[in-house]
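By letter and in written order, the chains are A, B, C and D; residue numbering begins at 1 in each of them.
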Amino acid sequence: MKITEVRTIVTCPGRNYVLVKILTDEGVYGVGEGSMNSSEPAVAAMIEHSSQWLIGQNPFNIEDLWQILYRNTYWRGGPVFRTALGALDIALWDLKAKALNVPVYELLGGRARRGVLCYTHSGGGSYDEIVEDVQRCQEAGFRVIRVQHGGYGGPGILGHDPNPIEGFPAIPIFEPGGYLSDTPKMFEHLRMALGDEVELCHDVHEQLGPTDAAWLARALEPFRLYFLEDPVMPEEWEGLRQIRSASTTRIALGEILYNREHIIPLITERLIDFLRTPPMRMGGLTEARKIFSVAEMYDVRTAFHGAQDIGPIAQAASVHFNLAIHNMGVQEWVTYPDAAYEVMPGACTFSEGLANPNPGPGLGIDIDEDLAKKYPFQTARLPIFRRWDGGIHRH
Amino acid sequence: MKITEVRTIVTCPGRNYVLVKILTDEGVYGVGEGSMNSSEPAVAAMIEHSSQWLIGQNPFNIEDLWQILYRNTYWRGGPVFRTALGALDIALWDLKAKALNVPVYELLGGRARRGVLCYTHSGGGSYDEIVEDVQRCQEAGFRVIRVQHGGYGGPGILGHDPNPIEGFPAIPIFEPGGYLSDTPKMFEHLRMALGDEVELCHDVHEQLGPTDAAWLARALEPFRLYFLEDPVMPEEWEGLRQIRSASTTRIALGEILYNREHIIPLITERLIDFLRTPPMRMGGLTEARKIFSVAEMYDVRTAFHGAQDIGPIAQAASVHFNLAIHNMGVQEWVTYPDAAYEVMPGACTFSEGLANPNPGPGLGIDIDEDLAKKYPFQTARLPIFRRWDGGIHRH
Amino acid sequence: MKITEVRTIVTCPGRNYVLVKILTDEGVYGVGEGSMNSSEPAVAAMIEHSSQWLIGQNPFNIEDLWQILYRNTYWRGGPVFRTALGALDIALWDLKAKALNVPVYELLGGRARRGVLCYTHSGGGSYDEIVEDVQRCQEAGFRVIRVQHGGYGGPGILGHDPNPIEGFPAIPIFEPGGYLSDTPKMFEHLRMALGDEVELCHDVHEQLGPTDAAWLARALEPFRLYFLEDPVMPEEWEGLRQIRSASTTRIALGEILYNREHIIPLITERLIDFLRTPPMRMGGLTEARKIFSVAEMYDVRTAFHGAQDIGPIAQAASVHFNLAIHNMGVQEWVTYPDAAYEVMPGACTFSEGLANPNPGPGLGIDIDEDLAKKYPFQTARLPIFRRWDGGIHRH
Amino acid sequence: MKITEVRTIVTCPGRNYVLVKILTDEGVYGVGEGSMNSSEPAVAAMIEHSSQWLIGQNPFNIEDLWQILYRNTYWRGGPVFRTALGALDIALWDLKAKALNVPVYELLGGRARRGVLCYTHSGGGSYDEIVEDVQRCQEAGFRVIRVQHGGYGGPGILGHDPNPIEGFPAIPIFEPGGYLSDTPKMFEHLRMALGDEVELCHDVHEQLGPTDAAWLARALEPFRLYFLEDPVMPEEWEGLRQIRSASTTRIALGEILYNREHIIPLITERLIDFLRTPPMRMGGLTEARKIFSVAEMYDVRTAFHGAQDIGPIAQAASVHFNLAIHNMGVQEWVTYPDAAYEVMPGACTFSEGLANPNPGPGLGIDIDEDLAKKYPFQTARLPIFRRWDGGIHRH
């Protein structure tokens, strides 16, 4: 079998997704995804460049092809390249599993659990609203629930920059004081209202400096979080050490990580409990198998990022991987707009707390290329914050 | 598909081998091996105990079955259990690959090289004899050649214990002085006679203490060894650190290792360059995939032990694994007596420096159970050494 | 005096025990034990293989014989071999002490205390039941008492796997949340009900990951435990460091350890306060003397595992050893079924908080070989756990 | 002053270059460069996306704009984004310096030396050819000269892969043995022929594993290198530590680095002596000022990568920066095809060992946009290597 063509598809059925399709001379093909917030055209350009090396090759030699793609780029790292590599690698696994007529998880070691434990998002403008929202999530079958007080930035948001960038939305102003004061109180309220059983987590969104993050992680110990996410930026090696030495709160991190040389020391030093980097972002299932083999040795588990910026195909890759490995932790779960499900038929489903892939060989999901063309790429911008004095905030 | 029976076969077609066969209700079966010098009955007993858990299970769920076997034993580690687990795990991979009609290496990531680089043993009673023997090996196609001066213990052997254990062969006497003085001279002679190109390695057989081993590793630097094997016992953490800080000679080690908690720190501290623990000894291909994923992050490579105490089925598992991973190094290569090849038809072959598996699905090798019965187990003893003063030598 | 025969006896007077008897040409003999949960046939096979080296030897040369046995096996480590070595070594000490007509503790340095402080197990389905059970133990003379809420897994048990292995007992499901929430509350209740004086310990049974274990060890600080046992798996080097840096709760660990290279770093880094590996499991009294010599330098003490999987002979070895060394801590104490006491007459006794050996030379205990034959080996299985999502749980 | 437009220009006057031009409402404009081997379309896409944030802004607020660009991307790192950021940042500094009618180095602290010490490349197929080539470089005014024996891979190249990728140039085969044996001999020959005065350096091109690299760094000590470049991949933290503890040869590294969290630990641990990451690659002059402020504290110096994959504008940014900082080391110097000098008039010049920028405000260099259009982007591929057994080589 030989690879004859690699197609890169950028589509926006509600949100921008970068998709890839690897075709062969025997008709069987594989699908992959390399979506990346605000960097879609860069990833698409990288996939197109890298895929030259695949034409004429035997798609079964995944490790060899991965190494060729990885080594020939000269740069090896960075989120754009690692995501492009991830898209191609996921498509190769889908292709091979389809050719052997088994689900992808069979090639990764076989099914190791009945489904993938998922967590969902809840929140509200007041403590009581949050309690209600958590209860709604519990009724929907979730056993692990992320709670946030208010919108992005929570009680740290003081208003908006009075001097915004021309033509851009006004920039919110964040100060850590209010956020730090509020968060332990929120959890105290939640534990009193909801009891000790429900598993709760919380996302700091990298808004805190190291000492504040350590303060918060210690202050939250009595409420036994399932995890505290992104307490600082993952670049802050010493900050992460400071949090660890100050507290016993479980730490989840990694949704913006991509390079093995950054991830591995976080694991081997046990600076984290959950690694959130999904297979797509780190170079695909081939790299995820290796990285999470290291993680298994240190009891670091998956908590794959799975917000809507990661589409149904990358979600399926995460779910197949989570089904097959021992050190699975929890999976962030979202649903997509109808249009996304139509462009990518065969998405994973959620039921009674667990996600499972669509049955069928490979990932179980496909691309409707004609439909994808009806949703062209749309430029989007992510928010930034200023401090009260007008300086740009950390994250 | 369900596992219906697990057969344990101990046979001695020239040397003792412990073999295993996992049978299913659909007729497809897998073969594995768990041979272990002088501990064969213990391994066979352990396989028989552990295999209870497999009956009735779906053999495709290899990761889950591995975890069940690993966790239920209570002990998890040790060479007897890890080897028993390795035998069962190898048989599960053989079975699954046969069921999918592909070679085992396809399930491990696909072929990543045209063959497996092998090294062989050479030696002689004099430097000139060694030179001739190396040249003979080169003509046979080997690019990497292990050289030893004299028999086991080399020029360190002073004779035999005058007061041997009753009924046992006389114990040799070893002193490090002669061995240390000789070895750099041997390599100087070999490099002068053979040039710089041929890749040479040497096995210390754990005969030296840490400081002597560091002395030797440094003294051999000018001769650029392919590797220096087992300079000390692998239990000697500080000794290994001492060797590393004293020298830049490549170190190979691990033929008697088995537990991940012992292996992983050797890799992450980069105390070794080559890990010699074969998949069979560490719990099978499932564990080897994980351990060598860690090793890839640190550029530690395979140099799987492959003397005759490891039989043709375990050799095939090593070769398939080496074909599929990136951080393959070199494979120790031996041939077996004809009887062993007849009991286990379909062994790997060596040609022009490279080993390759027998084509066909699975490992490509089988067990002739009737023939195996004709070669019953035979008790054997391994040698030990005394020092000149009569004390037991280290290894 | 020469060793003429080594007999290996596997018997099941209520539970499987592996016993050994070393006979000499002068009539005096020694008894030892190498029991090992679910690995009895493997240990018996290993004892039979190793004991070849002893025939014809002078049994008084214990150090030399230990080194011969240790070095000739090629593998040196692992629980099967170390336990087999332990059985033979204990029998040699028993033999020598009998020949000299003194208790074994006299050869280990003499009696250093009037008896061996013991702890026992208590528990119950409710806090009040636990309180009552502790009081019952106090009345029975115990000053140190282990407390557990519920059965194995405690309040972490959610029920049973809906999809059990065919023909096996249903697998319990464990999640750490309920267990973590409950345990500090249990200790708060116990301290309020029982006061601060009684020494309480608790066994995590390796059920927690490192961060959760650190959380628990810190949360239990106010209740001043005698020790917290097996908070993580002993393989988790970084996890143990994390627990230590997070808390000041005393840690006991080691019932599944056996190799010196694993035990020694735990001591020299002071990652533990009590080492639970009994002499039988680490290669006998000869090895225990050396390991606990290192431990004395770091004030690490004995807390020998002594559940029913370790029989009366190994218990006697532990008690003699504890009587003689300086850094004795506490001894886990159980009683055995009558049948076991009959098969092994002369077991240690407990009175007013302390254990003592049966008077008489050697260990003070014997084997009734005829009776032993009436209780043949019975296959047994240890429990495993799944998580709620169906994945195999850590331990 | 307000930014009105950002133009991205991809041109191939001999080699692909990505250029940027920031225009304002006052007519003054700045030029920058973000060239990146084989990733040009990805960088261009990233510049176009990021530059949205600049429109309408005051170009003098470089720190604020840098933080906006850096924080809003969500990803912050990776060579594609860091290079895009570098291109924009360099253009902002050019613009501001032009507006103030001073050279860029004046804004960076003023001129701190009369010119920038440069090194050049020499080599040959034999030791004598290399000697002649070094002498030619000396006559051309170079005081620091890089020497290589043979082409890329040097004496490690064994020929070409017999089984090349279809439609691609045959892949060279590399084995470290020949390269390791040769390199110390080459330096011994050069020192004998050329004396001790001339400063010589050597580039390993990441071809060696850690232990081999440590071996080479130690073997080269007698020849006192100016630096040894890229002895291993910069991802290999433990490998770099191993090289450092084994040798006192100066180490230069970083041409493929880009993220501050990777660079800073190399400096603070003093694993390197020279950092080769040019300002363009790390996010521009704004980031270079900060990173080399840290480097000054540890006496780590610049040795900016400056091969032809970095064009004349990025070269000018490096030269201005090197003129102004204290811990300048050496600059890699190349000349470009005439077409490149015509597309980018005003390039730096070299004379008597030193480089200097074109006089005039800003960087002193411009872009001829009409001419640039005549040289459209051309796809190019970088070489990869296989080992003799067919496996992909490390780098």
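By our rule, a contact is a pair of C-beta atoms (placed from the backbone, for glycine too) under 8 Å apart; a residue touches a chain by one contact, two chains touch by 3 or more.
Here the structure is a predicted model, which is why all the values come from computation and not from measurement.
Fitting subunit B to subunit D on Cα positions gives a rotation angle of 90°, stated in steps of 5.
Each chain gets a centre from the mean of its Cα atoms; the one farthest from the centre of subunit D is C.
The centroid of the Cα atoms in subunit A and the matching centroid in subunit C are 45 Å apart. With centres set at the average Cα position, the gap from subunit B to subunit C is 33 Å. Taking each chain's centre as the average of its CA atoms, subunit A and subunit B sit 40 Å apart. Touching of two or more other chains is recorded for residues 64, 67, 112-113, 260, 268, 326 of subunit A.
Taken together, the touching pairs give a contact graph of some other shape, not a line, ring, star or complete one. Every pair of chains that touch is listed here: A-B, A-C, A-D, B-C, B-D.
For subunit A in complex with subunit C, the residues that touch the partner chain are 112-117, 143, 196-197, 199, 221, 224, 226, 244-245, 247-251, 268-270, 273, 298-299, 326, 328, 353-354. Listing the residues of subunit B that touch subunit C in their complex gives 2, 36-39, 41-46, 48-49, 52-53, 55-57, 64, 67-68, 71-82, 165-168, 233-237, 256, 258-262, 265, 379, 381-385, 391-395. Listing the residues of subunit B that touch subunit A in their complex gives 58, 60-64, 67, 96, 100, 102, 106-113, 260, 264, 268, 286, 289-291, 293-294, 296-297, 324-326.
Of all residues in subunit D, those touching subunit B in their complex are 163, 177-178, 180-181, 209-212, 214-215, 218-219, 232, 236, 238-239, 242, 245-247, 387-392, 394.
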